[in-house]
Each structure stands twice: as structure tokens, then as C-alpha cells.
Amino acid sequence: MRQFTGVIPPVVTPRSADGSIDTHSLTRVTKHLLEGGVHGLFVLGSSAEVPYMTNDERELVVTTIAGVNAGQVPLIVGACEQTTNRVIEEGRKMVGLGADALVVTSPFYAIPNVQETDTHFRSIHAALDVPLFAYDVPVRTHFKLPLNLLIQLGRDQVIAGVKDSSGDDVSFRQLVLAARGIDNFSIFTGHEVVVDGALLGGADGVVPGLGNVDPAGYRRLFDAAADGDFVKAAAEQDRLADVFNIVYTPTPGRVSGGAAGLGAFKTALMLMGVIDTNIMSAPMLSLNDAETAAIRTILERNGLI
Amino acid sequence: MRQFTGVIPPVVTPRSADGSIDTHSLTRVTKHLLEGGVHGLFVLGSSAEVPYMTNDERELVVTTIAGVNAGQVPLIVGACEQTTNRVIEEGRKMVGLGADALVVTSPFYAIPNVQETDTHFRSIHAALDVPLFAYDVPVRTHFKLPLNLLIQLGRDQVIAGVKDSSGDDVSFRQLVLAARGIDNFSIFTGHEVVVDGALLGGADGVVPGLGNVDPAGYRRLFDAAADGDFVKAAAEQDRLADVFNIVYTPTPGRVSGGAAGLGAFKTALMLMGVIDTNIMSAPMLSLNDAETAAIRTILERNGLI
Amino acid sequence: MRQFTGVIPPVVTPRSADGSIDTHSLTRVTKHLLEGGVHGLFVLGSSAEVPYMTNDERELVVTTIAGVNAGQVPLIVGACEQTTNRVIEEGRKMVGLGADALVVTSPFYAIPNVQETDTHFRSIHAALDVPLFAYDVPVRTHFKLPLNLLIQLGRDQVIAGVKDSSGDDVSFRQLVLAARGIDNFSIFTGHEVVVDGALLGGADGVVPGLGNVDPAGYRRLFDAAADGDFVKAAAEQDRLADVFNIVYTPTPGRVSGGAAGLGAFKTALMLMGVIDTNIMSAPMLSLNDAETAAIRTILERNGLI
Amino acid sequence: MRQFTGVIPPVVTPRSADGSIDTHSLTRVTKHLLEGGVHGLFVLGSSAEVPYMTNDERELVVTTIAGVNAGQVPLIVGACEQTTNRVIEEGRKMVGLGADALVVTSPFYAIPNVQETDTHFRSIHAALDVPLFAYDVPVRTHFKLPLNLLIQLGRDQVIAGVKDSSGDDVSFRQLVLAARGIDNFSIFTGHEVVVDGALLGGADGVVPGLGNVDPAGYRRLFDAAADGDFVKAAAEQDRLADVFNIVYTPTPGRVSGGAAGLGAFKTALMLMGVIDTNIMSAPMLSLNDAETAAIRTILERNGLI
């Protein structure tokens, strides 16, 4: 048995026209996810635009989501800081605000090696009495967490799981296989369109940014896989892969790679009436009318509006 | 209906103690593959060490395999050259030697853009009357073939398929979905350990380097998926993922990344009695006794020797 | 006339055996730099291990250096945060602590594009009434600040200068040439061993990590170049290039790339009696006895101890 | 004393309207270079579009240049092939056609490590009795030749020099310093706009693509540096840096990075009446009328037309 399994979307962060956090919309998106049947909430993830939030904003977001959730599902919270001691400070604060587990990357802006990364996770684990997820996101940290390091950290119960956004599906499969023999070591994929294959290979769950838009779809996908009905899971995945095309609607080059995907999720939620605006954190551009119209078309053909 | 589907391993190139091509061993490995039930043979691929072969050696390898195959399965042959006109010359020669289709990368050593890559494939298609596979292998070419380019080249019947070794599983899934609506556009994965998921997502086949070692295993995996029995396919895949651990046996840093995987395949075939030596093309090192012993253990626990 | 020119070393951060900031040693290294004739101090730079400091530590370091400096030379202080609004908060705090100018990178952990980076610098400039240096350090941010962006930001007086640690000497030369026509736009190189060439090309100064070890040497180099005696400047540079070999003494792979260079600077200062220990911020390893001995040899042959 | 020093431009390859090699124009550009006072000719370099040439074209180019040169200056010829044995075959052919030295990269399309690269150069040296230049061009090979490897190969007289297009000016300086103690080990920079600094640091010469356009300018720069007049050298370099702006005239994204620079050199030579067309090798686009007009402006303000 594993403590963490299932669909755990990274909650997006709605903003008001003046750029401040829109807690009313954040409340609604949290309810939307809970009603969609998610198994947990990933708070302050990349999809939440966490690197763009001030410290006060981070606290407000965690507090708001924790209030809505009221203990219904586990809150897995990102402690997005540059290096070990900064992560420990941030993590301690998040646990105080209600985090049931923390998500931590390798050091960034820093130029670490494997040894330092090992020390990093062990030091954080020693300082904080809370389950720790290693977040493998080399597109942001520019450091791929090595398979052997993750397995050893899992065996030593330093980490309780991995959120894999590495895009390295070969390493992911080997990680899933290795995790089978380790208690309480959960492997989640962060890639929205290959969840059926990940679950077929034995993954424990998924952290889908697109899950903000269609949490119930991911729940159906997960349940079909759990039932061993992979043909049904693949059909659901194919539909979700079509919904995922919303992230390709921005004109190439107009908005950044970071803003395109997150902006699409927020725009879809706006069109669905869940949040009020699709405004992005500074300095990111929001999606424009043409991009919004293209997203509307995709949502309509998939029955989401 | 698609012209190319199934298991099409990239045939390794055995060498003798003096470094020359060992045609006797090459004959045996070709027979081993055909007896394993493969649907085609990929000749002069990266797994064949094609960049390390002289022109005479390339001809000898194609001729030898073509002779053993005698038309039993399609021969898909790599035309591994730096840019368009060199590929056309190489490809024309390979067609003359019996290639049923060609595999072509984007220009390398060159620094192309998307437009030039589009022209590249269209020019080769115009010059050579043979099905063309685009080989997406950014770890070698350092250029990811864009999804939209591949789809357009498929729709325009410039390419008959894609061999994807990009490691980008998200893009791969979108490619498979897009290919559904295009006649005679086959999508193959080159990643040995995620074939079950690729087939679940709708891929047409696999070009597994590890298929040299266990062609029958990949055939069983493919057949299970074709029957819709993905739980069986995943079990076969899990076993093959364990066999794939042979590529991790070399001491890190002793041999290059290129030599580790290919050296492991050749060492396994040597241990299985299919080829005589595990000698690599210059300047690559061959696996040593300790590494060979580690591979033997993996093969034994998987019943391959 | 330009506001900022000359030798402005990034002050290293000494730590005590218990890992805390050693303000006594920090005081001594600051005096050592001022006595060496530096034209300014770069505080909280990468060489200060800024990403590894907690917020309290950052304040302590700035306050300590500002106290020792007592207005003798300008303090250029790094505001090392992930994105725009976080930089503004950090920068405002640093100005309050005595910063005469701020050093700011492009967003990191974020995945920005050129447009967002432009907005980033303009927003920070609008929020804070202080000269701003753009810090081009793609080895950490993984984003090269484009030449045209820097020039436009300089022309618009959004930035007062550039600290270039990009390693792109072609772009650097074009930047220096373009800066000639812009008032109060200072171009500094961060590369310790090519300062003679940078000054020959027209650079305004240097931010040398190695300047912690030999500030007087860099001052002599700068003065020779200012006098037009480039043969003398090159001879001084050659000597400093030999001193720079201290960064290559760590066993490859034992310490990280980040820790090797900074650890060598701190070890040299320890051997010179300027600071008490060569202890690095967690999770970085400190240089060991063998590495320290190798550094001693290099310092001795260059007359630094 | 060193065998190779000075200005050794990589000769561009003019093509006729039908795409074939234009030997008349090639003859004229060769004479233009010799009249400009160059110390050698680099034949079949990247600037010659060597990866885009068929084998017959490569032979024609070498033969044509060798005929015009008639032994006046050394011919340093690129053997641009994927791996060791292919380089040996190509190199042997080039020596037969008149090469006085060969230029060789690390293996490409291959995925080598340091050990294989060492073996690569030693095997080529053993097979061919001709001075060998290591060509460090990671933007094409995606492998930076390590400083220590180059120094050891130089000490062992395996290589007679290095052509550095790595863009790593720190490593370049260390290489130049290390080369001082080694006989017949010449270090050339390939970067057109930092030649003054490279010569100040002790480099032996330059292989400037822009030298096709203004060979006499590079000769004056070299002579000034040889006389110790670096202020004069820097002034000449500044002028050449302005001429170098021709490579930035193509609309970003319209032509590839490879085609922009080489296309600019050919367009300039066309405007100067040295060659007949600015046609690029397939699949590269040639510069268009607007880009040509922009180049004309730059050439006019620098007195080159």
C-alpha cells in the first residue's frame, strides 16, 4: 500500500485585473478539482506560477486552498527555493500552513552535482518531519535527477515519492520498476498525454496541469487503468490529448513557453466559468482574444463547455 | 492499412578480431532475427554503428543482410550522411543494393532550421523513388524534428513514416494521434522499454536495439498489444526492461554513451553464441570481462542463456 | 564619463566551523579588497554563494560589508530572486541596507522569452530608483541575454551596465562597441583570464572572482590598460591566469563545478590568512587537504604567500 | 618557431545558378585572398559549406584552389567525416590532392567521450603522415575538446595545432599559455571579432570567415599585433567588427544560423565583384535583395566597395 496515489493536479493561481491573487476564483477552482474526484492537490507547483509569487502571495494561496479543502484530500505543497537551507525555511513555513507533504527540486541557479543533490534531499528530510517528493523537472532546474539517486533516496525513506516531469520516459519506466520493491515510494508522472502508458507501466499516479481543466477526465482515466481496462483508459487519454492541444494555440514566439501552457489552462478555466480572468503573473503575457477563441473551439469539441 | 508495422530491429554489426566486418556472424544475427519473427530489418542504423563504417563496409553489410533475407521481410536502410545531396547519393546506392525503404535524419554537422529541414526531406523524396522514414534522433543530430513538420511531410506523402528516438513522449503521442488520419504514415518508437505504452497509444511498431538480443520477446509484446491484451504486453515489457539493464553494466565513464548500449547488445549476442566477438568499431572500446559477466547474469535470470 | 569603471570583485562569504557567516573574516576580506585598490565591491554575487544564503544571512553580509566600506567605494549588490516581483522586494531591501546599485539576472526557474525579460528589467527599473546592472550568466539562468535587448535597455537608461559572465566573447565585443555611444552604460567582464583583451576591446571593467585573492594584481592590470600599455597588461594577465589554475585543483567529480572555483578562492584566502576557514555553504563540499596543498603550491610560485 | 602562424581564412565555395561549383569564382576568391596577404588557406572548412558538398565537389574544390595557389602558401584542408576510419580515408585523399595539413574534428553524429576522442586523433595521426589540426567546434560537433586533451595531444606531437571555434575564451587563454612550452603547436582562433585580444594573449593566428571579405584588414591586424602595437590592432579589429555586422543582416528565422553568416560572406564577395552569385548549397537559402542591400551599406561605410 502506498500513501500517495491517484490524480493530484497542480492547482493554478487565478489573478484579478489588478494582478493580485483572486482568492474567490482560487476557491472555485479548488472546489472544481475536489468535485472532479481528485485524490490530492499539488499546491505551489510550476503550474501555480510559484516562481512568480512573492512570499506573501505563496502564504495566501496555501491558506486559501487549505481552507477550502478542509482536510478532504492531502495537500502536497511545493517549497520552491534555490538551495537547501532556503528550502528548509520555506518548507517549515508550508508545513505550518497545512502541507501534508512537500515537493522539492534539486538546487537551482546553483550548479550542483549528484553528491550535493543527495546531501540536499537528506538535509531537508532530516530538518523537516514530513513526506518529501523529489520533483524532477530539468527543463527548469537544468539537472536531471539520476535514476540511481532517486532509488537510493527512496530505499532510505528520505523521499516518499517522485514527481517526474523530466520527459525521459525510459528512465521513468526503470524508476517505476525499481519502486515496486520499496514501501511508500510513489511515482507520479507530470506528463498529461501519456498517463495511460505510465499507469500501464505501473506508475502510482499523475500530476496533470491539464487536470485543472478536466479533473473528472483524469479520474476516469485513472479508474479505468486501476480496473485493468487499458483500452478504455487509452480512449480517455486520447480525448484528453486532444484537449491538451489548447497549449499549442498561442502564436509561437508571442508568449513564452512557460506562459503558453499555463495561460491555456487559465484561459480554459475562464471560459468554463471557473475563474474570472486568465491574467498571468508578471512578467508573463496573458493569452489574447484569438488564442482564447481557439481554446474555446477545442473545449467545445470535447464537450467541456 | 499501413505498409510498415511491427517489430523492425536495427541489426548490429559484428566485427572480427582484426576489426573487419564479420559476415559470418552478421549472417547468423540476421537469421536469429528472422527466426524471432521480426516484421522487417533496419539496416545501417545507429545500432549498426553506421557512422563508424567506411563506405565499403556499409555496402558489405547491406549486401550480406539482403542476401540472407532474400526478400522475406522489408529492408529499411539508413542513409547516414551530413546533408541533402550526400544523402541522395548514399540513398541511391542503398536502393541499388536492395533497400525497400530509406531512413534519413535531418542534416547534421550542419546547423539547419525548420525550413531547411523541410526542403531536405522534400528534395530527397523528389530524387529517390522509395519510401522514406524520417529518423528523429536529436541526441545525435541535436535537432528535434518538429511535430508539425513531420505531420505535414506525412500528409504530403513525402515521408512514409517516422522512427522516433527523440525521447519526447508527449510529442510522440501527438504524432501518433495525428498520424491516424494519414494513409501510409507509420510511426515507430525507438525506445525499448516503453513499447507497451507506445502501442497502447496507437504506434505502428518499434525499432528496438534490444530486439537483436530478444526478437521473439518483442514479437510477443507486439502480438499481445495487437490482440488488445495490454496487461500481457506490459508483463512482457517489464521482462524486457529488465533485460535492458545490460546497457547499464559498463562502468560509468569507462566507455562512451554510444558504446555502452551497443556494446551491451553485442556482448549479449556473443554470450548467446549468435556472434563471435563483442568488438566495437574504432575508436569505441569493447565491454570488458567484468561487464560481460554482469550481462551474463542478467541474461541468465531472464532465461536468454 | 561613466559612473562605474574598474575592478569590482564579487566578495566571497566566509563561514565559521558551525556553518554560520563569519563576520570577522568577512570584515578582513573586505579590508583586503579595499587595500588592494578595488574600485567597487560586488556584494551577494554568485561568488558570494548568494543562492545558498538564507534571507537573514544575506542581510548580515550586506550590512557587514557596508559597515567596513563606510562609503569608500560603491556597493553593487545582487538581488538574486526568481522573477520580477520577488526581485523588486529583494532589491528594495538591499537599497535600504546600503546598495548603491543592484545586479539582476533574467528570471530563473521560470522559462522566459525575450519579451518577458525586457518587461522584467523595465518593471524593476520603474519600481526602484537605483542603477541596475543586467547580469548575463546563462550557465546559471540558462538564458543568454540577447545583445539587442541589452543595447536597447542601455539606450533607454533602464540599465546602467552589464556584468557579462556569458562566455560569449563575440557578443561581448559587439556589446562594448555598441555601448560606446551610450551614456552611463558600463560593460564589465566576469571572466578572470581574458581581462586584458576585454579592456583592449573597450570594456569598462572587470568583476573577477579571483580578485578576492589578488585584488592588487587586477588593479595593476587595469591601470596598465588604462595607460595604453597592453603588453604590460598582458604580462599581468598571464600571471593571474596562472593563479587562476587554483580552480582546477579539485579532483574532477568530487566537488561540483560551482564549489570548485568558489572553494578555491576561499581556500586561497584561508592560506593567505585573510579568512579563517574554507567552509562552503550547504550542500557544497569544501576543498580537502590535497586540494589545499595544490593551491598552496600555485600561490607560492606566484608570490601570493 | 612555429610552422603555422598568421591569417589563414577558410575559403568560401561559390556556386553557379545551377547549383554547381563555380570554379571561375573560386579561382578569383583564392587570388583575392592571396593578394590580401594571407599566410595560408583553410580549404573545406565549415565556411566552405563542406558538409553540404558531395565527394566529387570536395575534390574539385581542393584541386581548384591548389592549382591557383601553386604552393605559394600552405593549404590546410578539412577532412570532414563522421568518425576515425572515415576521416582517415578522406584525409588520405586530401593529402593526395595537395593538402599540407589536415583539419579534423572529434567524431560527430557519434556520441564520443574523451577517451574515444583521444584514440580518434592518435589513430588518424598514426595513419597519415601530415600535420594535424584539431578543430574545436562544439556548435557543430556538440563536444568541447577538453583543454587537457588538447595539451597532451600537442605535447605528444599528435596534433600540430588547434583551430578554436569553441567560443570558450577562458579555455582558449589557458590553451595558449600551455602551448608556449610546446614546439610546433599552433593555436588559432576562429572568432573574427576578438582577434586582437587573442593575439595579445599569445595566439599564433586566426582563421577568419570574414577574412574572405577583407583579408588585407586581417593581415594589418596581425602585423600590428606582431609589432606590439595593440592599440592599432584594436582599431583595425573594431573596424572589422563593424564589417562583421553583415552576418546579422538576415531576418531572424528566415535563414538558418549556418546560412546567415556564410551567406553574408558570399553576398559581400558578390557585391565586391569577386564571385558571381551568393547562391548557397542545398538546402540552405541564399540571402535576398533586402539583406543584400543591408550588406552593401555596411561594406560602403567601411570602404570595401
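When the chains are written out, they are named A, B, C and D in that same order, and each has its own residue count from 1.
Note that in this section a residue touches a chain if its C-beta (ideal position, glycine included) is under 8 Å from a C-beta of that chain, and two chains touch if they have at least 3 such contacts.
What you see is a predicted model, and the numbers here were worked out from it, not measured in a lab.
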Chain hops separating subunit C from subunit A, counting only touching neighbours:
1
Chains in contact with subunit C and with subunit D: which ones?
none
Where centres are the averaged C-alpha coordinates, which chain has the largest centre distance to subunit D?
A
CA centroids of subunit B and subunit C: separation to the nearest Å works out as 49
Distance between the centres, which are taken as Cα means, of subunit D and subunit B, whole angstrom
36
Mind pulling the residue numbers of subunit C that touch at least two other chains?
none
Every touching pair of chains is listed here as A-B, A-C, B-D, C-D
Can you list the subunit C residues touching subunit D in their complex?
167-170, 173-174, 177, 191-194, 196-198, 200-202, 228, 230-231, 234, 237-238, 241-242, 244
Listed in rising order, subunit A residues that touch subunit C in their complex are 51-55, 80, 82-86, 89, 107-113, 115-117, 119-120, 123, 139-142, 253-259, 281-285
